[in-house]
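Next come two complexes, and both contain chain A; in the first it sits with chain B, in the second with chain C.
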Partner chain A sequence: MKTPRVTANRIDEYLSSGKRFDGRKLNEFREISIETGISKKAEGSARVRIGKTEVLVGIKMDVAAPYPDSPNKGNLMVTSELLPLSSSRFESGPPKFPAIELGRLIDRAIRESKFVDFEKLCIKEGEKVWSIFVDIYSINADGNLVDAAGIGALAALKTAKFPKYDEETGKVIYDEHTDVSVPLSKEIPIVTTIYKIGKSLIVDPTQEEEDACEARVVIGGTAEGTIFSMQKGDAKEISIEEMNKVLELSKESKKNVFSKIEKFLK
Partner chain B sequence: MNKMTEGMERKIVIPGELIVAGEEYLPGEGTEKNGSEIVALRYGLAEESNHLVKVIALSGVYQPRIGNVVIGKVENITFYGWVISIDAADDAFLPLQEVPKYVSKEGLSEVLDIGDMVVAKIIGVNTRGIDLTIKSRGLERIDDGLVIKINPNKVPRVIGKEGSMINLIKDNSGCNITVGQNGLIWILGKNIEDELLVKKVINFITEKSFISGLTEEVEEWFKNEKGGNK
Partner chain C sequence: MAEGTFKRTDGRGVEEMRPMKAEVGVVPNADGSAMFSFGNTVAIAAVYGPGKMHPQHSQNPEKGTLRCNYNMLSFSVSDRIRPGPSRRSTEISKITEWSLEPALMIKRYPSMVVDVYIHIIQADASTRCAGINAAALALAHAGIPMKGMISSVSIGKLDKQLVVDVDKNEEDWEEGEGATDIPITMTQDGEITHIQLDGKINGEELKQAIELARKATKEIYEVQKKALKGSVDLNKK
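Right, the complex of A and B next:
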């Protein structure tokens, strides 16, 4: 059941006095933990926990034809599945709006940042390129899936190794992995979301807080402040002054997140 | 198959697990008879008394029963009443005549609007659905406070034997607490800190629901919490 309105009012009231239900500050994240290499079959994988929220991210690679408008560039495909086991709100079946949105948010941040060097994924121009599939699965949904998925995608891409490719037969040998990592740039796109509840702006909400939120801005960018992608969600408006605060808070939280995940990205 | 001793041993079973075999046993709540075997239908604690075998569920959604006080959310307004979600498999219905005052057909949303929370009592469970009433003491719309959700199977632990646990929490926090059998709990205190203290202790109880002597443990918890604050 979604957080009732009475509870949401209480959350808002408490936030106005600068406090959150779980005792965190408004700009404070829950504990982030990352495990990489959790899947033997995937080319790269990661499990990310933010508080009780947990996501799995896997990378699979295949050789395919490039898109006609980018004959010398590899392909990227980010999909997400919100599994019914992770929350009573998710049903099995074709992906619905939240799952599609999650995939696209992460996709856009990675693509626009040029984090993956797509030109190096080209095998033969116009004919064969590597395709990277990033699959996101929610294991437990307790708010802020987007940020968790973003961190997971980075960690999984970082650890991903190319499978062997047989040039003659044109087949990918998945049983054997090479030592070659996915070509990545230094521009690391960190996805953080700023949520607005009443007049307060917070990061990393729990499910309870996420239900109470009236607007959110998802921003993909580096810890230095470069912004690659941005999307506003939910019904309420955000004023210009608030937007400046959002950008400030977003930069601050990106630095914060980066310092926590830095060691997994080296 | 080891025979279970009268009302003593409780063991954890999973759906499909054989609890006990023998023609003399009768299947109770959460069990099924398969030939001469009694098989569990729910995940929970199996117990047997007077040859009646039943499973006390440890997980799963709330099963509505007549007489239960529940907390629900208004999902829709019809011409004759309100559709209320009580976090069970089906939505419940609160008819117009079960409200303690006269309501005109235009004034339904003034009594209860969509999204409002309400404490109600189940007066009927049948094939047509679940019927509710708010014509009794303590049944009302929730205007203020905090509503939280816990696993409905842990409600008995939160209430305690003859309300011992809930009274302990009320005494220590000074909050008014209404526990719905469907796992929704309404907390109303003088300030938010008190309400959050209750939320915290209820989470503590649900996490430790399996241990015995929980009331003493909670008493201790309150002592520590108060000592730490000062």
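Right, the complex of A and C next:
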């Protein structure tokens, strides 16, 4: 099920001479494809494929009470499920750490970048605001689910339309969508992850490569270089010098990803 | 940076940490334990193990397992926290494992587990950093072989100003660009074992933040070292 150590060692060897099993360069992504509107019941939705990795992201909205510490702001909730359907390594049951982390990584990139204008989601201060639920499902896990989920969340939010809200009854009428889009800012948080295998740094690993990786840094930020969120994962230290290289590579990968997904975000 | 002109809410200098306290042996029943505080943020940690890993199927015959559990006591913050694990605490627990493991010679304990329980007694921001510092001390106090100490600090960016060791008032900073919180953990040799970030920052500022963390973790290391040395002072008893 997991990648054997001999394979991991060979991946490391290959990388140290600048090669990958599938012939890509170390900083090269697999092909990215985006399809939006994949579920009519959702307020917005997207399917993202990066190579053989595939995720579905759907947006649902509801009217709810705001949190006490932000009475004039809408709510955001990002969750993810790593479906057993998508890989033999996932089991059913309550979400385990990787699923929890994935949701939180995307949540923070969106929240901290202020990509969604939460104040415009306020209906009545202190009483009623729109809640946005971003739900991420893995359909085929072949590495780099995080970056795929990040792209999916952007595309789904971009296509999301408010459902009708009946102020008198206080009910949301989901069958009738308005043509009002979710208020979004121009600063687009792109989530890309840099993986460290041996002495090499790579982007967009396949599942095998991801298994061989010793540490990773997930960074949410714009293609112009502003950083909104960051999290190092796995138990391997990274030197300050290496971290500087990670930041360079991250910036470059964001530009690269943005150029590929730009047309879906207009 | 306009150093000297920037006023922190509690009057500290931009690179000045809150008073730190560290003490080992605070939980006599545990194999190792410690308290670490940054001002009003107080964390305690206790280590049990290495011991037999239950359930058996979780055993790893290649190396021992470090299992951390971070928890905030329900009364440690203004609005009571519902007891039990949350998404946040689950994540911080894992982050703490990743922060500490590079320093531990855990390979020596195949199939076994080292449990670290971290509780925040009083919270004034930087709780994960205080927790990691307490846990590192507790592991050393328990006599788990380590390559070195681990120290953690949160660097903040308040509007455009970088500051060291963020407290709650600063975490809620709203002026200008608002607050960016960057908890960073390092080995005593300055290798990064953990970094997180929430907010808005550019690459240059982030590099500066890492340099500030390097300086601060050296100071924290001295406090931790002193606490450990104190615990073996035979004259003290």
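Quick note on the criterion: the second predicted complex is superposed on the first by the 266 of 266 C-alpha atoms of A that agree within 3 Å, B and C clash if a C-alpha of one lies under 4 Å from a C-alpha of the other, contacts with A are read in each partner's own complex, and residues count from 1 in each chain.
Here is the rule we go by: a residue touches a chain if its C-beta (ideal position, glycine included) is under 8 Å from a C-beta of that chain, and two chains touch if they have at least 3 such contacts.
What you see is a predicted model, and the numbers here were worked out from it, not measured in a lab.
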First (chain B), second (chain C), both or neither: which does A:183 touch? neither
Partner touching more residues of chain A, whether chain B or chain C: C
Where does A:7 make contact in the superposed view: on chain B (first), on chain C (second), on both, or on neither? first
Just checking: does A:21 make contact with chain B only, chain C only, both, or neither of them? Give me first, second, both or neither. first
Sites on chain B touched by chain A in the complex: 73, 85, 87, 115-117, 142-149, 184, 192, 195-196, 199
Interface with chain A, chain C side, in the complex: residues 79, 87-88, 90-91, 94-95, 97-102, 182, 187, 190-203, 206-207, 210-211, 214
Please name which positions on chain A make contact with chain C in the complex. 68, 97, 100-101, 103-104, 108, 112-113, 217, 219, 225-240, 243-244, 247-248, 251
Considering only the defined contacts, which chain A positions touch chain B in the complex? 1, 4-7, 10, 13-14, 21
